[in-house]
């Protein structure tokens, strides 16, 4: 079957379900931002010929909303019923308590959601002509066990981080925190395009007293994040929720999640906190 | 002689600079009115007020409905990003190709038809502007220093042309000019402007007026003499002068010629 | 040729054709950044659409038209050039949009979506809408052509000769704003602005009358759209940027022509 | 006042002061969109930095300087207004950047960072760099002031009177490009462009000589930075947009002054 | 009489339009050279070539090192976005406040010091431009239609002023003018231009030359007569005329006055 996914983490999720005859195309290379992605002719062709297209939803990949609107092969993940979402209350900042707060689209950071996605994909795959349902079922079963194991492992590993208090730069870890019971104190900004106000940063400094580090994503240029960490007096830990640095190979999803856990632990073990 | 355009009691201030003071001016068909006066007297400002391009600070404007005006501004700058030949520029005036060609022949710039407007020399630009104004067959021609930068022969020829068109088409003409010696011969009314109307009337009487001599000096009067007496065109309008420069009593108004109502100076 | 390429070409061609004359006016009247300004203000339109709970597309279009009116009003002060006014409007509305977005609603608004749009995703419905708007605007522009050129050459001369200067200028601005607003969401502002000014600028050097320039600009725009899409198809480059680069190449070629 | 506010104010103030005279030139010479153009071309600079493996900041700065030179060269054709040329350069370089980024480069480049920057995270090092560049540029501009004004008023008159027109014009462009390139990453292009043109435009209506306009523009810029940051602090609005809106408010206030 | 600026064998084409043909022109200190000729003759173009503002298609230009030039262009447009008072505009010329004030008094626009350049009337602009050129105390004054749009009194006064400054400061003057009757009185050399040099020499001899009469007609000659004989200034330069309009043989050159080398017409 021909699959197209929007971003790398989704590719990591479906790879284990595919065999040598299946093809998988990722639209957004790790280096491109969804903000200024411009579709190529080959992308459009791939989309039109795909048997299954995975994307999270317009909150993350707005550029796909239109071309996928009429394609039955599209599977919009944030519509899946089986997903668990972080509590809205936990998400919202004290001064940002409005009704239509956006949902955190980084849903793959919860292994349970990963399973739900895998299930949905497997179901869709089985319905395709020329796909051997039994084989897919078998692959799904393998995957389910692996992810269950991963969950256990992460729960154990992250257990010691339960008392850890941290801040994040972007609101990207709602799923992760919810699943593993971590305590996020505050987010600097809700979305990458929204800059925080001065008062907000000032108040963050108050709350930063209880925090042990600032988590941010690795961009090619971290200068302003570094400065903010310095301002807040927190060690800066760079995370990789999109799996940009995960090497090609097997079990990439697990690597992504393990890297994330390891990086967070680095925060706890940071010299400043010991 | 139909009344075409009339301004009454026009005042114009820019900030605290009074530029026009209580001006009355009436333009009629088949009549040439010439505005003379020193630099900065407000001639261009008055023309712009008459045309509705500049709102006066006070005063009224009456205008014949559907009056077709041919206007020639004192200066023209065309953006170099706009490709524009002389021919196209003239067509924008709304005249027919025939009228344009005739007007081109009269002003002597037929050869420039395909030149770009931005490349014209100063005098050529003036001639093209005049062509556009003429080609429209206007009821009223308004010319702000029409022969500025035009060569000597052109100056004489263009003034004669304006006079001729006035007679042929019966259009009214309002003209600003510094060429006293050339213009006086072909004008019916002269208005000597210096913020307010200093004096006005038929050229030969104006030039004898003390206010005129005050402004332009005997030299100018002399130069005028040389030309106006060379001239073979006869005027049928009587040339009385009405002046209130020193607040003298008014003579009765006998024609539609411009008249200044007396008001205390501001 | 796949369907999506056909749609893309039709949408691009419709924009290119109407962009010929409109873009010429943009070049003559120094409104090269009108499109960008509208795109920046689109964010504000989106925010108001969210706050007032009206259809976002309508809100954005309304916002663009209001901006055009604001520009016409500001132009009447005469002390500042149009590009300065556009810069002020563009940055002020963008800033206002960014502040408002923080105050109301946390819905994620993708600012750059309006900048980049995507030619390849044009639907048949999009094509019909753009073509319709383009046809109407083109008819208006042709109908008022002499007045439009007159006020561009010399506003006062036009006024004395009986042209309703304010009305005609407003018409031009609204027509331009409408085309940009409608096409913005489909092909992106980057592409519209490029199709407006680059072909017109290229045409400037090889034409001698306004009509000729507008026509040649449309033609060059068509060439740019076609060759850009072909490039995109065969070399698999992003469609919008390829069209822009084709247009730039055409412009660079006209630079080779020695100037008189 | 927290440290970060002090840094933000210092960086903003340095930009505002040098932006007074530079922005006045931008307004006079119709280069309002110079900053935007440089920001668009920054993407291309980043790509080349990545491909050639040189420091990104240096690559971007170099890119900006090259763009300034290209603009000066294009201006010599004289047939097109500066805003049109800026539009062409801006869209062509952005399109090229987008195409190239797909072909080369595999680090994640954030165009938004250049557009929005982040005033609140300016480091002391940033402040020092900006202040230094601003001081050097300011000294140059003051040193060449008469020549600069002369070529802006009437290029041919200046040339006959012995001004080295090409050199002075190039100096102005490079100075402007340098300031924008250095400040871009720190405060964002949105803010720089706004600080360049909005205070200068506001100053236009209340001054009578070029010097006065440049000085008042610096002053208004300082007021905008200060009040914008205060707003950001007390009402918790994003810093950059707040400064822009303060500047816009100042401009709107000058519109109230009746025109002579 | 030092040589200040010299052009040899200058040709200028725009596209396939020949504007200047094989022109030689030499300007010396304390000498007034006047270019006359019909519109589109290439006067402005020649001035611009002499000043280095327009690259000639062929020909050479020699210029005294460190020559200080005062230039008055035929037209000036200043962007309205630039706030600029007359005073600041004059200061940009590089003259001292003292010199500026003196020049302002001479040209009669002291009152406009604080006006904005963009609001000046046509004649006021001309006066200000002349002021800037004069205030620089130039070695060479280049004036393209200096009294265009200036009022009658101003025309006479400004030409006298230019003449006076030439005598006082010993600067050379190159001037374009259509005011034959005013200009002839104060000029040393007249060059009658129409793409090529038609004739040149002292004014009184030029006006008698057939090529001159051809171009301007007897009327112009007559108008000149009126003025030049009124004039009380005596010329000490002899007024021979060198003309090659009809390819006549050259008289020997006696002075640094401009001379056209004969070459076959292109």
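By letter and in written order, the chains are A, B, C, D and E; residue numbering begins at 1 in each of them.
The working rule: a residue touches a chain if its C-beta (ideal position, glycine included) is under 8 Å from a C-beta of that chain, and two chains touch if they have at least 3 such contacts.
All values derive from a computational prediction rather than experimental measurement.
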Both-way neighbours, i.e. chains that touch subunit E and touch subunit C: B, D
Chain whose average C-alpha position is farthest from subunit B's own: A
Centroid comparison with subunit E (C-alpha atoms), farthest chain: A
Separation of subunit A from subunit B, taking each centre as the mean of its C-alpha atoms, in whole Å: 78
Computed distance of Cα centres, subunit C from subunit A, in Å: 37
Between subunit B and subunit E, centroid-to-centroid distance (C-alpha), Å: 29
Approximate Å spacing (C-alpha centroids) for the pair subunit B, subunit D: 48
Multi-chain contact residues (two or more partners), subunit C: 27, 30, 79-81, 84, 98, 102, 111-112, 204, 237-238, 240-241
Touching two or more other chains - residue numbers and ranges from subunit B: 14, 79, 81
Of all residues in subunit A, the ones touching two or more other chains: 35-36, 38, 40, 193-195, 197
Pairwise chain contacts under the document criterion: A-C, A-D, B-C, B-D, B-E, C-D, C-E, D-E
Subunit E - residues contacting subunit D, complex: 48, 51-53, 68-69, 71, 73, 76, 78-79, 81-85, 88-89, 92-94, 114, 116, 132, 136, 142
Contact set on subunit D toward subunit A in their complex: 2-5, 8, 56, 98, 101-102, 105-113, 116, 118, 120-123, 185, 229, 232-242
Residues of subunit B defined as touching subunit D within the complex: 14-15, 79-81
Contact footprint of subunit E on subunit B as seen in their complex: 14, 37-41, 43-44, 74-75, 77, 112, 119-124, 127, 145, 148-156, 178, 180, 216-217, 219-220, 223, 226
Footprint of subunit E on subunit C - complex, ascending: 78-81, 84, 260
